[in-house]
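In the two complexes that follow, chain A is the common piece, with chain B as its partner first and chain C second.
Right, the complex of A and B next:
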């Protein structure tokens, strides 16, 4: 292959504190090629989110290296490399920095010192992509969780990144907008050649990926296409809501197919 | 919280709403300065009429402004009383130890009172007709020169913006924590002051904890989004200065001239009365 892979994680080890013997991640290696979609699955505490933090340079591995587009991620290069990486986190409130929708989407572009005409164009384009253009003047208190998450995604899209990371970003969304956004990402991935890493509990989200890696207690235990992975790990413990749902189905209940967050499940059960 | 008018924004479409926040802020600050240049009753009346006209222009009900003064009325009355009781001169009506009530003192008292009220009215006009975010932009503009003495104006302004942005979240969270404590049997608003203060502790601690967590998460997001303190940033929000805004500042010049004439006229009358 001519181009270096988009992301190359090589023998990465990390622990939260040097005095602790517990490793959050140990000896993780994998590569993601440009235009590929990688899903990271695993139980709570398996190190999925830690991995995301390492890839965006919020934490430094104890040993091993992370290469983005062939460039090694270090304290020095991280600012430059981040210009092409976007991350969307689970809690939409904590990542909403601007006072209004459009200000928030513009935040990262302001940091890149992009002139205001181009900035406006990019902000509006990104907002149209996630269908939030009409709500661009609203402030976060007027938005639902799903809408805030769309704004967060628009904020990343406006950067026109090569690599997008979603850390449980769709958990808070209702099933319909989750499906829509996933379809949208699929489309954008094909059109713009985006590389996507999604950290998820949702099987249907992971099923969209080209590759899946499974983490368990900080160790990479499997790596392969979704179909193969799901075959080999039918038991991988999903979050509580999903477990409950499956139990209910086992007991003969009829439940919707889509993945549900805890709140949705409660709402659905109380109906 | 709903009682506080000063600092709130009332959406609207009046001339004042449409003014550039920089013009509004500069004019208001200038006006407050001007209040200390007034020398006589006519001057105060003149500025008061101007203030009333501006209040009219904002198309916000007069009652709103009066409610804005209410929370501060005791402070104003206190300051007024001090002026009345400790200023001598003119006809003395009452005298006991250091306290003195004189015609001159009463007049100064009225001046102090109207000065305070006008300061509150004018600042209320600005905040009622300007979105907080536009106001921060204006503050950023006015503080701009401080950058040359190495004061991190941009960081300060961003701090202000984020603080404003999180007020509704914080209020929400306070409500949630209070509900949670209520569910555990706390009754708020009962008992003496000390007991009431004690009840606030289990609200403030969780709020602090969650605010710190939130601050940490946000700092991470800001870092990933490429925010670096002291780095040059462009700005999505662009203020546009129009003819209207220049007119507003010109209006302040005219106002000053009018006041100057009033001051002079009084002096002239005084001289005339001597001869």
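Right, the complex of A and C next:
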């Protein structure tokens, strides 16, 4: 028998208040398989963050259901299911609790009732993965923005979740740290079979995903691999290589119409 | 309006803690009407540099001058006040500072505080809402009913209403979607040209530097590393690699193509237009 998908969102509808006629999300359905990376894109106010809140059980859908690993997320099951989900938000400062980096990473584990020895092992392992082990004794408030974000990710990794959600988690990083972190997540996805949902404005981050869903005014308007999505929505600023290809066609160059990744474009230009 | 730093040193005093030489012997001159991008790592001193430009931080040594006005350690309140009327500062996430019950009242706060009468204030509000590309109908609405991009425009309108000669912006595109960010920066560039502003932009995004700025000012550990035209700066491979500067996307791709073909092009392409035209001219397409 096939394993159930890691996440199944089925006809989910949500309003911030029942007296409001505006739906933050209407009739959203999609699935994410185990080990897959899904990017959620859409402009400010499209419902992306609301969706993340529903998936981690911070808010409840008005109708429809959310299944995690085949189990329905409800008020009763959410405590248990949340142990398998980690979320990292835009501003890590809002999530820091510990007075040292390692205490902070350990905090979430303390609620899981595991023995000290295993806890320390998991904390150190997570810190090594994000290259923050050497700084484990530091006060989180003294770290740079990129380092704080790594600690927040370590905190979630130490929980060994099946599903990690990043809600604009890389916005305040400089481009270099952002690239390093994305590469690290790719590595972890392959190594640990992590399932990743990244909510992002960054089109090159979305281009790295296996699947992309597009939200607009609370409605899911498209779902597919990045190449298909960027081809179908010329109004989205695509990754730079695709922008260049379109410009070259506009200037009269004869090039393939289909979406091209950066590597494909460079290979084509140097053929 | 010209901005001059002459051997400026500055310390930071936070309660009992004094951080010395957060800006360390910095000298430069920004021409009137120039558009300068300030870049550098987190903690390099970018924000301190901006604060020195409008008297939020005073030099411990040396002088900062804005036009004919001069700021030094002994600067009095009156001079600082005059400088703040000339220098408009847009902080990171400026929409967090919106507070009034209507957009109109929010924008009017600055000019009214600087002593404009009711009629002049009204005129300044009307003009600045138009400058940031919003419909005047929005003036009666609550700023909190607007989208993130609109809120940021309102916050910028509040600064423009004080009619500054120097406009300073700290990461004005942060947290907006790519289309919203491009719109804000294009608007800033248009304002810069129309109002002949001297503009200073702090950004991490080298594409913004290449697209909007004339000059780059790179700082590290409170010291000025270089101040030069954008193209000269990105052409210098040694400089950009020594300081781990990301290349703008068009140039990054150009270098990638050069490596793949094992050759170098004469031109340094900083924009999509430049790169696409060069590839056609060079016969790659």
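FYI, the second predicted complex is superposed on the first by the 235 of 271 C-alpha atoms of A that agree within 3 Å, B and C clash if a C-alpha of one lies under 4 Å from a C-alpha of the other, contacts with A are read in each partner's own complex, and residues count from 1 in each chain.
Definition applied: a residue touches a chain if its C-beta (ideal position, glycine included) is under 8 Å from a C-beta of that chain, and two chains touch if they have at least 3 such contacts.
Values in this document were obtained by computation on a predicted structure and should not be read as measured data.
K.L.:
Should A:223 be classified as contacting the first partner (chain B), the second (chain C), both, or neither?
P.N.:
Neither: A:223 stays clear of chain B and chain C.
K.L.:
For A:84, is the partner it touches chain B (first), chain C (second), both, or none of the two (neither)?
P.N.:
After superposing on A, A:84 lies clear of both chain B and chain C.
K.L.:
With the two complexes superposed on chain A, say which partner A:145 touches: chain B (first), chain C (second), both, or neither.
P.N.:
It touches chain C, and chain B stays clear.
K.L.:
Where does A:203 make contact in the superposed view: on chain B (first), on chain C (second), on both, or on neither?
P.N.:
A:203 contacts chain C only, not chain B.
K.L.:
Scan A:266 for contacts with chain B and chain C and give back first, second, both or neither.
P.N.:
second
K.L.:
Output check: A:120 vs chain B and chain C. Expected answer is one of first, second, both, neither. What do you get?
P.N.:
It touches chain B, and chain C stays clear.
K.L.:
Identify the partner contact of A:100: answer first if only chain B is touched, second if only chain C is, both if each is, neither if none is.
P.N.:
first
K.L.:
Quick one: in the complex, what on chain A touches chain C?
P.N.:
That would be residues 43-45, 90, 144-146, 168, 171-172, 174-176, 201-203, 237, 240-241, 243-244, 247-248, 251-255, 262, 265-267, 269-270 of chain A.
K.L.:
Quick check: in the complex, which residue numbers of chain B touch chain A?
P.N.:
Contacts found on chain B: 132-133, 161-162, 164-165, 168-169, 172, 214, 217-218, 220-228, 231-238.
K.L.:
Could you please specify the touching residues of chain C with respect to chain A in the complex?
P.N.:
41-43, 147-149, 174-180, 182, 204-206, 244, 246, 249-250, 253, 256-257, 260-261, 272-273, 275-277, 279-280, 284-285
K.L.:
Applying the document's contact rule, which stretches of chain A touch chain B when the two form their complex?
P.N.:
53, 56-58, 79, 82-83, 85-87, 89, 91, 93-100, 102-103, 106-116, 119-120, 123, 139-141, 155
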